[in-house]
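Two complexes are shown next, each including subunit A; its partner changes from subunit B in the first to subunit C in the second.
Entry: the complex of A and B
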């Protein structure tokens, strides 16, 4: 089993390397610091969402509502800040957004852990509830006059400059948020009882219960944590884009799930790693931003992502099926 | 098994279908009271009959997939790919000036092409689930993206227009005073009902959905059942795609993107067990009617589209909560029946 997992991750890594090789051969400008910083910037929001998503998949569930949570938290926080204290410092703005995200995640947790409803159905429903509520009662106008502190946050950069060829590059501090989320989630998954409980839950709910895992509490943590991460991703998306757009983000959930699944997480639960997820995110971001350097027109982007999902899930699923058939 | 397929008489009042009947009547009554002259007007009743068949047919496809414990997230993608292919053929080969016999000829060619593409797409879903062992959610999600993506690539993302006038018949005409889409939906619903309740295939689908392991040990050809289920679902989706194309008089890769959630919602609302093994077409039909009454009524009360999305989601959760509570009662009843049989 361990081998199989490693294989999926190496497969994705190899595809990324091949992608970059072909990209560099067809366009020498592809392999530059500028491209790298563009790709890293593009992976911040999708990366944070994917780290949350892999937690859900490991626990044996699926969440499609996190994009709605992200956009809800971002937009509601912006409106609240503008109305109450426009000069609010950005750490506080971020905390409010994370708090709203966690609260919406708790709504998912209520129906999943409380009533034991199927996770796909619940999150499909909350996706439309959160989005419908946001657009009906909170607002449906794009806001470009963001609180000044949010704009200041987007100007904080770790590194910036020009390459010798004269191309501009910059890496914002928001990238540090992704790193922080990765480290925190890795720590929870690998170094705490809670993390082992999440894996146990995904392996078998009944077995987890019998070895003393508090199933409900673990599920509640998973969905609240995912909601909080979505809140963080949402506010970063708003700040970096310098616009609070209530119509953005929703629709991205399938790409995020695709990234996570490519990284070796399985829908049956119990499988999934942070490393694999990040590789999956890397591949999806590459496909979304640089498909053109391979000579594939960007109108084939949707089909390519679909095909990657089928290959990424199909190969391990087929191997598992053959292994099961051999075992009788 | 008997208790799975036939609801016993005392269960009739408690059955999800009976509750749905009450919900449908209640929504209809509520809307009639709130907006009597407009909701009950013949124009509104006719326009409702034209509106719902397209997503109702998608819900039938979803029902069939859910009966096996699977799900078909590619219904909208299949519908659009079929419609776009048919529309490209009609617009480029037949052209808008094809009328009369030529128009009808091309109409039949387009229908055949759309159904063939729907069947092929569904077959691909089936192969992925049955032969390669992919979970239905991921198989149909990935395949659905591929189908949508192909439709996008074919059209460059824009709508295909300039269809022959004959195509308008499927979505906009009446036959003996009854809207044709409604007739189409009624025929497909009846066909699915007969397929599920009166044929050995339907029994096998129900058995597999109720307990895949038992079905395997009963030597059912599971791969064949799944292939057939997804192929039929694909053809249903293609039919819905044709209705959408005819009503919009064009085809586009992202038409009806909100119908996916709606189709899942209607199937679950209709009492279909998303874990497989239980589902009745009559329940789905009642769920469709409830949704359409709610939708039209809210429209007349000037409620925004966004609020409608909110209400649909809330209704789905509400019905799921009720049904789950009921399933537990049902399970206990079944347990007491089986232990009673032993003694």
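Entry: the complex of A and C
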């Protein structure tokens, strides 16, 4: 019980509940299906990116390039589709974007697993390189005339309608992609030797090597998988926003990392759960979308997120330190 | 003994290993039979680590042959070695702090079985069976990082057993354990031997493992210098073979009568760690403080230097009260503290030797805001020389040194600050026999020069040859006090545990 209380997950969940309570008290319309569908919609892209990000953190690395991969994959896929086969069915469009993402992830993997370079430095570099390459060689115009199938995809909804109070709500099928990613990643992490090897790697690279974990192969998987997820998140972002904007997404990586860290993943590696990550995403999305309801200016969003990180990760860390000091 | 009749499990013949012209092993024969325990002794650089690495398949011998179950092994790589049942329990255990006990134990065997999916239920079964086999009870779901060192070691042993170990190689198995934990480990080893598991101990603290070993092999400078039944060796003869010289230690020179009191500790208490600790330390005196793990000895050591904030009590040096829980104030009051765990608490491992010594003296070599590097480094180099630190160059990183030399660097840093009270927590943990005697010499010399020294240790022979007086802690209190000359190892062990 005591352990449950000091876990990040519990803390974040409590903050979310408190947030919702305050929201409901200050605006009766807050606690409605409309708000819920808004929040779920807003969490699709950041959620997929966060699930990829937590995988990297567990493996003991850090990736800041995934937003650049996402926007590169989305924009290049759009240009390619428009130029080659504008009526390409959306599943194929998605596959191309995922493939481009995986290929860019493989570039990260080459430097990290192949040459053994530090992950932060490699991905900082590729963040700039991917983005610069995109804007210089692929294009820098915003494209609002998307392939028709991408628009069609964004119109597929699981549920839509009007509440009794007359407010519109809708939940797109894109949300299913997030669910799929969550289930698949959870399965890999918890049920496969590959997933457990990722945890082992984050615990101690040297120990993993000594007991026969294929460190290189595991790292390659991590960065290619994250790239593929970024490709998926990117194309969904484009389709939902009805626009291929090469300047979008980059800059979001810190919010994603914030969500993951809030959810209990540690930057030193080895620790992190899908549940925690989703709670972290939930909190970040809640803050980004609902501060207005609480009467807090939206310019306070980033400051609020910062405070939450300090509290959310600081309290458990402080408690652990106190416990260690008591133990002498 | 059975080893004459049963065929050896491993037989190494004429093993030579050269690294870039340096001969680490010069033609060593080594055998171990099922159920036999061999004590492989040697100082740092004797070649014992190289021999183990070759057995584990991490290094390839330059010359020589290795037979496993009489069959000639070709190239021995880590996988072949592990399939043959050769399991090395490294000193750092090579475990995963973030994973559960069950997973730590069963992970390697599941990997070796080329599974794609992680079988959680089976992992728990395998782990439970391994723990039951050695008769210990550790919660399967506990996170490894939350376990004490002794239990981590048992988890590492269980991991070897879960992978069908036929030979367990234990690298420095007793370094981090208290006497009682060592007893328990040895009981487990006895049990495994009865089941036919062979064991190789690679150890500095040899006396402890002699009683469960059949055979002793001593290496020095890459050559086997002694081999024989364990019964023919004792601590003194082992030390002689390892160092090639007689290391006889004498008790410290008796304390001058009427030596003035340097340090007075009164009713020092820390909730949950220690209570009402009072003692005095005279100039030139060496005071030993001992106790089992959990007796509060380490907390007390840290509290004396302010690293642990005491709740109540008084620490007085030379008539001046020292604020509690403030290491900077303690240091200014001329108290020095050399921690037990050099690796994590004492040294900046990746930085140079000279920097590690000079770091404590930055303020003394500062003139109007600028650092006089020349005098700073000169002073540090002087101390390294005085303490006979064997280093190729003072710019080399501290981690390149042996345990004994690292400890001297840690000592040099404090001595450069001219302390009046020096607290040494486990001064010879992880240090080989020859260096240990040298460190004891240094301690005695320091006391002769007028420094008051507190040695905190559970290495009883060490306390007996260095200290004037020994305090025994139990359950957070000082329960006994004796002059070192009036007690023996057995008597002291009895006082500790009763």
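The rule is short, and it goes like this: the second predicted complex is superposed on the first by the 313 of 328 C-alpha atoms of A that agree within 3 Å, B and C clash if a C-alpha of one lies under 4 Å from a C-alpha of the other, contacts with A are read in each partner's own complex, and residues count from 1 in each chain.
Heads up, the rule we're going with is that a contact is a pair of C-beta atoms (placed from the backbone, for glycine too) under 8 Å apart; a residue touches a chain by one contact, two chains touch by 3 or more.
Quick caveat: nothing in here was measured; it's all calculated off a predicted structure.
Counting the residues of subunit A touched by each of subunit B and subunit C gives the higher count for B.
In the superposition on chain A, contact of A:180 is made with neither subunit B nor subunit C. Of the two partner chains placed around the shared chain by superposition, neither subunit B nor subunit C is touched by A:14. Of the two partner chains, subunit B is the only one that A:120 touches; subunit C does not reach it. Touch criterion met: A:131 reaches subunit B, while subunit C stays clear of it.
Once the two complexes are laid over each other on the shared chain, residue contacts for A:213 go to subunit C alone; subunit B is not touched. Touch criterion met: A:202 reaches subunit C, while subunit B stays clear of it.
Within the complex, the subunit A residues that touch subunit C are 190-197, 199-200, 202-204, 206-208, 210-213, 269-271, 325-326, 328.
Residues 62, 111, 115-118, 120-122, 124-129, 131-136, 140, 254, 257-258, 261, 266-268, 297, 299-310, 313-314, 317-318, 320-321 of subunit A touch subunit B in their complex. Put simply, subunit C touches subunit A in their complex at residues 78-79, 82, 90, 94-99, 103, 107-108, 110-112, 115-118, 159, 270, 272-273, 296, 298-299, 302, 308-309. Those residues of subunit B lying in contact with subunit A across their complex are 71, 128, 132-135, 137-139, 141-150, 152-153, 156-157, 261, 264-265, 268, 274-275, 304, 306-314, 316-317, 320-321, 324.
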